[in-house]
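Structures incoming, each one as structure tokens.
Shared between the two complexes below is chain A, which has chain B as its partner in the first and chain C in the second.
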Partner chain A sequence: MAIINLKKKEVQAKIVYYGPGRGGKTTNLEYIYKKFRSRIQTEMVTIKTHGDRTLFFDFLPIEIGRIKGYDIRMQLYTVPGQVKYESTRRLVLRGVDGIVFVADSLAVRRKENVLSLKSLADNLASYKKSILEIPLVFQYNKRDLLDEGIPLLPVEWLEKDLNSKLKAPYFEVSALKGPNVVQTMKKIIIMTIDSLRKDLT
Partner chain B sequence: MTQQRDEDNFRSQVEDRLDHLFQEDSPEPTEEHVGLGEHPLKGLKAVLLSIDWEITDSTMDSLLNEIKNVEYVYSEDKIILTFLQLLGSIGRYIRANKGRAHPDATRVINSVYEALEKVALTEGMSRAEKEKTLLEEVARFKKLKGQVALRKVEKKEPAVSEVTAPPAPAPEEKAITAAESPAREESQPEAREVNFAGMSPHEAFAYALEEIKNVIRAEFRALRAEIKLWRESK
Partner chain C sequence: MDKQYISDTDGQRTYIFTPGQLSKIEEVLTEDLLDVGVHSVTLIDMAGNIISTMDNGENKHDIYSLAALAAGNFGAVSTMAGLIGEEEFSLLFHKGKKENIHFSKVTDEFLLITIFGKEVSLGFLRLKVAEATEKLMSVLDPGS
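Our next item is the complex of A and B:
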């Protein structure tokens, strides 16, 4: 849950990048951190295993600055995608204000995307939050692999599998190369701030 | 009406600030080499990407077949052939061990492929540069081989099969043992059935903590193994 201090006029919100393992959640944050490090002036915290996989979470705080008298801070988190870390994912989701679901476009990952979205819905429900109501943006990652002749899921299939009921905004992304990484982040930040705005007035 | 205008104004200020903070000055620099198009490496790359997810006999056989196809195309190029030997050696090791393979194996195989692609596709790359790139990958391969051997000794399990060494111009390499014992950190089932619904928050936290402890223990084991290797190499 966002921390809103009306006296100090500070707002701090939590955005979590969720999705199946090796889908590109950490790569999203790494891209943002490497590209804009000098502007955001914060440090990214990441805890990886020996096999280069996220162990607990990645964390990237971003100072948006003062808007209408409020100091606005966003905290971007990723969850570990590997199936066995379900309880860790649930813990990272505690107090979440906005979600980016990073789906893997590889054809062989179709089932994992669906299972991961279901786990997101279940984990949110455990905090009495609805996936239908929380600010949510879909990101269909690894689209650049189409140029390499790698079998990918068509966006229409991804939409049908994941977003047919939720009707959330989505972006076709290459987290490794950058296209639409920033647009995804901007969209979820704006949606999250919109959802919190009633508490600021 | 006034409230609506205030909200629009607030939103537009947020958007302006985000645009300012995250303005992308220039497109990402791209690698100089050209795309794969219908290049002989295309099939190999597709299979390698799929084994990042699905390590099955079928995908590993496809990988080894693709390597053979590319070997045929580059039969006169010793450097490329050595890259392919490295890929084949690691591929056979992964095939034998699948999910129990050393966690660095897929990383090294991807690194070797990327270097191969760079060497094969970069126009005007000198032979010396190609050899330097190859030697870097050979060093990675050697390190992996040492880690695998060490892990095997720790588990006290016999080797099952050996794979052949890459030919010149790379320094002579002994292949990775194709099969080894499963690592303790990898031997746990991928997903344990846990009844979270029945857990209180502190129980869930304790459970997560235990998971983290297990992984940290595994990390320390791997770290100790690497330090031992490093000492031995001195």
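Our next item is the complex of A and C:
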């Protein structure tokens, strides 16, 4: 549920990084936080368990400059990936305007990716939103592990498993090392702003 | 009707607030809450976005993080209420040594966060929040 403030000429929108547990959602936000530290005025908020897993969400507000005379402020969130936190994921999705689905490229995580995407579709439907229509970008994470000889799912398989119907843009990424993390964020921001563009008069 | 409420094809909602509405909201927050001694007051939506925030100039908080956490907290407490068979908890209040936070639902989509100190009693604050809420509802949801 984006907010457009015609008095301050400001737009706020919510982007959620969704995906299976240990897939790299928090690592994405940590990389963005480090990379754009000078442009982010606040600390990144994380609510974690003692075991360093996301318990509720991570939160990072980022000002991305001006479009059509409006200051654009994006609120980036992650959800907890562990299966047992379904109701928490649904809470975080409330009012979402754009989604990055962070898929785990590890070969052993194929099923978890598919189940997580299904849960995303179901949770969006609970807010009367369609996964087919909301701005969505796929991110196939951990591609750097290929160099270390760890079995990964070929991108064609990930595309077939997750993106054959949705036909959303995708990026091959290493959230830990950085390639394409920023590109993923830029793409979802552009798509989200595009979906609001008609309201920015 | 002053508020423009837009719903596009995918059911996505965008709330557009006009300068007139925002001035009215700021007036209510100032006259009903800041002027009686609260330190800061922020109106947010349930997604954690900020509609309006006002403070007494002495307390600078990270209001964006506060809004995200307040929306999450409110959602979590509402879910807890459901688990024990309550529709919602009417009083959401955290007490600190110097600062206290009070949360109040304005409509199903908006939440008022008030931060106040020892100078204001909880009872008086609740009364003033209830008065402000009535006025805010007429701005946020004129049809209600």
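In the analysis below, the second predicted complex is superposed on the first by the 200 of 201 C-alpha atoms of A that agree within 3 Å, B and C clash if a C-alpha of one lies under 4 Å from a C-alpha of the other, contacts with A are read in each partner's own complex, and residues count from 1 in each chain.
Simple rule for what comes next: a contact is a pair of C-beta atoms (placed from the backbone, for glycine too) under 8 Å apart; a residue touches a chain by one contact, two chains touch by 3 or more.
This one's a predicted model, so the numbers in the text were calculated from it and none came from an experiment.
Student: Touching A:196 in the superposition: chain B (first), chain C (second), both, neither?
Tutor: second
Student: First (chain B), second (chain C), both or neither: which does A:14 touch?
Tutor: A:14 contacts chain C only, not chain B.
Student: Is A:30 in contact with chain B, with chain C, with both, or with neither (first, second, both, neither)?
Tutor: neither
Student: Based on the superposed arrangement, let me know which partner A:87 touches: chain B (first), chain C (second), both, or neither?
Tutor: It touches chain B and chain C both.
Student: In the superposed arrangement, does A:144 touch chain B (first), chain C (second), both or neither?
Tutor: Touch status of A:144: no partner.
Student: A:4 in the overlay: touching chain B, chain C, both, or neither? Say first, second, both or neither.
Tutor: second
Student: Determine, under the contact definition given at the top, whether A:172 touches first (chain B), second (chain C), both, or neither.
Tutor: In the superposition, A:172 touches no partner, neither chain B nor chain C.
Student: Check the residue A:106 against both partner chains and state whether it touches chain B (first), chain C (second), both, or neither.
Tutor: Touch partner of A:106: chain B, not chain C.
Student: Considering each complex separately, which residues of chain A are in contact with chain B in the first and with chain C in the second?
Tutor: Dual-contact residues (chain A): 56, 87-88, 91.
Student: Mind pulling up the chain A residues that touch chain C in the complex?
Tutor: Residues in contact with chain C: 1-8, 12-14, 42-43, 45, 47, 56-57, 59, 61, 73, 75, 77, 87-88, 91-92, 94-97, 127-130, 132-134, 195-196, 198-199.
Student: How about chain A: which of its residues touch chain B in the complex?
Tutor: 22, 32, 35-36, 39-40, 49-52, 55-56, 62, 64-65, 67-68, 72, 82-88, 90-91, 106, 108-109, 126, 145, 147-151, 177-178, 182, 185-186, 189-190, 193-194, 197, 201
Student: Which bits of chain B are touching chain A when the two form their complex?
Tutor: 3, 6-7, 9-11, 13-15, 17-19, 21-22, 24, 28, 35-36, 42, 45-46, 49-50, 52-54, 103-104, 107, 185, 188-192, 194, 196-197, 204-205, 207-208, 211-212, 215-216, 218-219, 222-223
Student: Considering only the defined contacts, which chain C positions touch chain A in the complex?
Tutor: Contact set of chain C toward chain A: 6, 8-19, 22-23, 45-51, 62, 64-65, 68-69, 71-72, 75-76, 79, 109.
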